[in-house]
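Take a look at these structures.
Shared chain: subunit A. Partners: subunit B in the first complex, subunit C in the second.
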Partner chain A sequence: MEQFIYYLKVSLKGIKRAPLPYALTIFILSVGLGVFFANATFYYQLNSDPLPHKSDKLFFPMINLVPYQCTTDCRTPRVLSYSNVQKLSQSGIPTQAAAMYSADGYLRVNADQPPLPVSIRLTQRDFFTMFEVPLLHGSIWPDNSARLEVILTRASAEKLFGRTEVIGETLLLDDRNVTVSAVLDSWQMLPRLYDANNRNHLTDADDIYLPLETGYDMNYLSNSQSSTFDDTDYRQLSTQGRTGALHQLQYWVQLDTPAQQQAYRQFMHNLVMDEKAAGRHPSEPNNQLVAMQDIVSYFGGDSSDIKAFALVTLLFLLVCLFNASHLSLNRYLSNQYEFSLRRALGASRSQLQLQMLVDVLLMASFTIAGALLTGYAGIKLMNQLLPANRLFSDWDLPLLLGLLAIAVVCSYLVTLYPSLRASFGTLNQQLKE
Partner chain B sequence: MIKLSNLSKIFRTELIETHALREVNLQVNEGEFAALTGPSGSGKSTLLNILGTLEHFDSGDYLLDGQSVKGLSDAALSKLRNEKIGFIFQSFNLIKDFSIYDNIELPLRYRGFNAAERKRRIEQALELVGLHARRDYLPGQLSGGQQQRVAIARAIAGEPRILLADEPTGNLDSLMARQVMELLEKINQQGCTILMVTHDPDQARRAGRHIQIIDGQLHDSTLYEPLAAHSA
Partner chain C sequence: MSFYLLIKGLLSRKVVTALLLLQLAMTLALLLNSILLAQQTHQQLNQPTGLDLNNIVLVQLKPTTASLRVYPALEELLNRQLAAVSALPGVVAAAYSNQSAILQGGNNGNVYLDGEEGRSNQPSVPMYFVSKDFFHVFDSKLLQGELPQQSVSLDNPVQPDVVITQSLARQLFADKPAIGQQLNRGRLAAVISDFYGQRSGTNVMFNSIQVAPPFGVDWGYSILLRTAPGRADAVRQQLVQTLRAVEPNIEIFHIRTLAEQHQRLYRNEYGLAMLLAILSALMLLVTMVSSYSSTYFHALKRQQEIGIKRALGASKNTIFIELLSENWLCTAVGALLGVMLALLLNQALAQVISIPALSGYLPLITIAVLLLCVTVATWYPAAIATRVSPATATKAL
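On to the complex of A and B.
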């Protein structure tokens, strides 16, 4: 410890000898790393896996079971009709399964209050276990049947009632009374991959949850994507929506084992072939079963702007490293006399390298502080420029530790070559000069 | 103490080769005070640097305290320098923003002494050079002679077997030079072997032995009587 304090004292004296070049080195490194930090934050968060332990077990099945002969664009529809979901649900293979869509509505505690616009996820009970949604109060619907029971998020409950213990309270959802059956704990799946087919995975989660059947009964049409492949009147969802070829449903299944996955693929194939034989599947079969971990790239939802930024900021960081290294080299060479003197007096190269490591730690400390400040400002700026990504601007512990490690490595690189150059100088020449 | 056998050193550039030392044979015994003189460029500083293991040689052998330095690793050479050799430079080579105490402490730190042992040795060395009261001064606050005495204190604090002095009085006026020489003689009397490069014939005369080097070769090795004996 005493030796460490001595090395620290020597490093600080070295800084005092030439404070301006040192400050400039820190500034260049801080800017380069800060810009990199800001972009790396978005890149890391946007590409993170919200359910790493099961994202290879959750699948998004798609079939092109539509009463329409495709001639030009034969891609499988991104959403399913109600009857398609019913057919896919009959396999009994998945461990869990949930159909869903989202809609807009207005919610209020009573008719005297101004309506609060809300985003509604109309879904089935397995949704909450499949995507590991934490429950604060109450219980999830016992089955998938229609019921006028709503599940609130914690934020919605606090906004409507000013508290979260609201089980059994009634609300007016558009023109219908609904009862609160559960309140979710704070939860934000990022990215919200279950909505990636609609490219909504970067947005906030919905405000309230209603049973899918109730959504159809209440004529809620999808606010993201709905396509009609026949003459179904989409305004009459409650009467025609379940039978017609109105496609608006997302469907997720949990297939835990390769055997389950293979069986489900086979089931989808058999289903389509049966439908084809019955004359209800005029197009060529093109079934898809996309794992959650591949869903964003499958639907082309990658953030290309962030990728481009990542490359640019990486190049910028390299330029900053080069410049900082050059400045550092000048600083060390001006101190080369002292290196040589220390060596002449008996310091080995390894002892000088220990001194250098303390230099690195000191530089890393200043650089980290500067880089975090610059990175924070960069994130604020990017939130202004790209508000769609604002949910992905938080620093979590692994990210922060990774960023700090990068700062230390950069400080080391900036110090390594110059200090090696200085410690390998010709002793007698330096001492003569 | 020091034994050089057929030691040669050649400085090479792309165009020329300069023979700095040619087949040098030299023996310096323990407790000797030897002056190394010669014209500029004769190779005396090169010889001193090789003796101090600050520079490598091309051929021959160098035995220090019976141990060949040839082929020693960087760490071994550093240890050798730290434990057995003390350096005194013409330009003092003190670190300007370190106090006198910190400057003297430098080689002791690399030796691995604890704080108490370092303090004891530093105070002893400061006492010897008569600068105990100025231990917290910066080098710039001292005269040239005092700075050289600090450098001597730094060189002797580790109690080396041999002291290598490269024109230690070259930057000093005659009064200060005399004080430094007296100090070196005092240290020599305590048993430390000293090899000193100098241009000054009077100082060479004060050393017990005079070694002359011309064009990289030792020409003679004359034993002078110490100046004190002449005066007497």
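On to the complex of A and C.
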């Protein structure tokens, strides 16, 4: 410990002797690492896997069951019709399955209250177990049939009632009475991979949940994507929407084993071939079964701005490292006489290297503080300039530890060559300079 | 001052010179690509839209009760709202529409000549269902035919007449007569001048308009107002109160001019260009620090050499120019490497974002900027080095 304090004192003396080069080195490293930290935060969070233990078991099936002969764009539609989902649900192969879409609505506790605009997820009961949504009060719907029962998020319940124990309370959802059957605990799946179409995975979770069948009965249209491939009147969702080629549903299945996955692929193939044979769709089959971990890139929803900026910030960090090494080299060469004198008085090279390590520690401490400040400012700036990614700007412990480790490694690299050069030169020559 | 000696001087500090060259090259590469991206964003923001962006105000809104979203209550609401906003001072014309112009995506579909879908189909053409003053709000020029004067319901057995923009007409009919032709959406009544529709469409200027009440307003609807020049702000301040006085059960999502709408559409590109510009400025700063410290330290180490040169008759100016020349030479070599690196970076960036290819005079301008920054950064330490007295030379003896 005594020796460590001695090394620390020597380091501080060295800084006092030439404060400007040292301050510039810290400044440049802090800026380089800070900018890198800011972008790394977005990159890490955007590419994180919210369900790492099952993201390779959840699949998004898409089939080309549409009543037209494709000529130019033969991609499989990204959303399914109600009847497509019904056909895909008949296999019995998936462990769990849920169809869904989202819509906008207005919620009030009673007719006299001002309406609260809400985003509604219209889905089926397996959604909550598939995506591990935590339940605070009440129970999830017992089956997938239509029922005028809503599930509220904790935030919505608190906003409407000022409390969370609201099971059995009634609400007006777009002029219809609905009953609260459950309240979810605080939950935010980021990125929201179950809704990756149209880059919705970057947005907040929905405010309330309603059974899919009720959504169709209440004529809720998707607020994300709905396409009609025939004469279906989309205002008649409860009738024509269930039979016509109105596509707006996403469908997720949980296939736990490779055998299940293979069986489901085969089922999809058979289904499409049977439909084609029956003359119900003229296009060539083009089935897709995309795993949740690949869904964002399948839909082309990768954040290209963050990727481009990542490339550039990496380049900037390299420039800052070169620059800091350059400054550090100048600083060590200025102190070379002192190094050489200590060597001449009996200090071993390993002792000089220990001195260097204390220098690194000190530099890393200053750099980390500066980099965290710059990184924080960088994140605020990026939130202003690229607001679509604002939900992905939080630091968590693994990210922070990783970033700190990078800062220490960079400080070490910056000091390594200059200190080796100062420690390993020809003693006579160095003392003469 | 000899070129050979300058090279020799740089080579005597190989590591420092190499580090400086790398920095200069990377700075130039980043600077060049940032300028390219900024140029592209500038072009996107200044591309013609066919619209008087500053004098058209957009209100996006939706009834909050389900009963107001169905006909006939909806049509009655739309007409009351139009009458109220039209009466506002400064409003030249007002119209409702199922959606605004200048959007990323929205309500769109196929347009083709009846019976010739395979040959003439144009996918993702925005579909506007509007009131008749829509063309007046957009100040559209009538190029062929006659604009529909009556609103016809989309549920009518005979579809309402269709108006299309010039680019779409050219694509569908080339030079053949267009008016009266039957499209999949109805009879073509008129061709108007182009305006910017949806960015995700095959052509941003393809648009199809029908004078009809919107099919539904589940996604909300737009009220578009043309204001007298310079009156847009005054009008927008009165809109919330006016619309709420007509019907309190509405949600107003936003009120903005089409100029603001246009800026929001390219917000990501603008944000990325700004970030790269800030990063380029930081990189230039870092390079300036590096050039400064390199010259300062180098001059400090060569005090005796400078003293000898001064004693042998070198003027202060010669020493000054010599030190600057070293940096200029270093910058020139770094810049050459930088142009090559810029090409590589440009290709790498083109994999993830849309960025124009590197070409033309831009590298020369960027090199000049870099040279200027390096000169500014080395000026002070070079000037200090000239103050070395010739007497310093005696210390070397």
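Keep this in mind: the second predicted complex is superposed on the first by the 431 of 433 C-alpha atoms of A that agree within 3 Å, B and C clash if a C-alpha of one lies under 4 Å from a C-alpha of the other, contacts with A are read in each partner's own complex, and residues count from 1 in each chain.
Definition applied: a contact is a pair of C-beta atoms (placed from the backbone, for glycine too) under 8 Å apart; a residue touches a chain by one contact, two chains touch by 3 or more.
Just so it is clear, the structure is predicted and the values come from calculations on it, not from any experiment.
Asks: Record, for the superposition on subunit A, whether partners subunit B and subunit C clash or fit.
Replies: fit
Asks: Tell me which partner A:Leu314 touches in the superposition: subunit B (first), subunit C (second), both or neither.
Replies: Once the two structures are laid over each other on A, A:Leu314 reaches no partner at all.
Asks: Let me test your reading of the model: by the given contact rule, A:Ser304 touches which partner, first (subunit B), second (subunit C), both or neither?
Replies: Only subunit C is touched by A:Ser304; subunit B is not.
Asks: Looking at A:Arg17, would you say it contacts subunit B, subunit C, both, or neither? Reply first, second, both or neither.
Replies: First partner only.
Asks: Who does A:Gln351 touch here: subunit B (first), subunit C (second), both, or neither?
Replies: first
Asks: Let me test your reading of the model: by the given contact rule, A:Tyr6 touches which partner, first (subunit B), second (subunit C), both or neither?
Replies: In the superposed model, A:Tyr6 contacts subunit B only, not subunit C.
Asks: If we overlay the two complexes on their shared chain A, which of subunit B and subunit C does A:Ile167 touch? Say first, second, both or neither.
Replies: The answer is neither, since A:Ile167 touches no partner chain.
Asks: Does subunit A have more residues touched by subunit B or by subunit C?
Replies: On the superposition, C touches more of the residues of subunit A.
Asks: Which of the two partners, first being subunit B and second being subunit C, lies in contact with A:Arg343: first, second, both, or neither?
Replies: first
Asks: After the two structures are laid over each other on chain A, how near do the C-alpha atoms of subunit B and subunit C get, in Å?
Replies: Checking C-alpha atoms only, subunit B sits 14 Å from subunit C at its nearest point.
Asks: By the touch definition above, which subunit A residues appear in both interfaces, subunit B in one complex and subunit C in the other?
Replies: Shared contact residues on subunit A: none.
Asks: Once bound in the complex, which stretches of subunit B touch subunit A?
Replies: Per the touch definition, subunit B meets subunit A at residues 45, 49, 52, 54-55, 74-75, 78-79, 81-83, 87, 89, 91, 93, 95, 97-98, 106-107, 109-111, 115, 154, 158.
Asks: Which subunit C residues qualify as touching subunit A in the complex?
Replies: Residues 15-16, 19-20, 22-23, 26-27, 29-30, 33, 62, 64-67, 118, 121, 123, 215-216, 218-219, 249, 251, 267-268, 270-272, 274-276, 278-279, 282-283, 286-287, 289-290, 293-294, 297, 300-301, 345, 348-349, 352-353.
Asks: Residue numbers of subunit A touching subunit B in their complex, please.
Replies: Spelled out, the residues of subunit A in touch with subunit B are 2-3, 6, 13, 16-17, 337-338, 341-351, 426-428, 431-432.
Asks: Of all residues in subunit A, which touch subunit C in the complex?
Replies: 21, 24, 27-28, 31-32, 35, 71-73, 103-104, 106, 115, 117, 174-176, 220-221, 223, 234-235, 302, 304-305, 307-309, 311-313, 315-316, 318-320, 322-323, 325-327, 329-330, 333-334, 381-382, 384-388, 417
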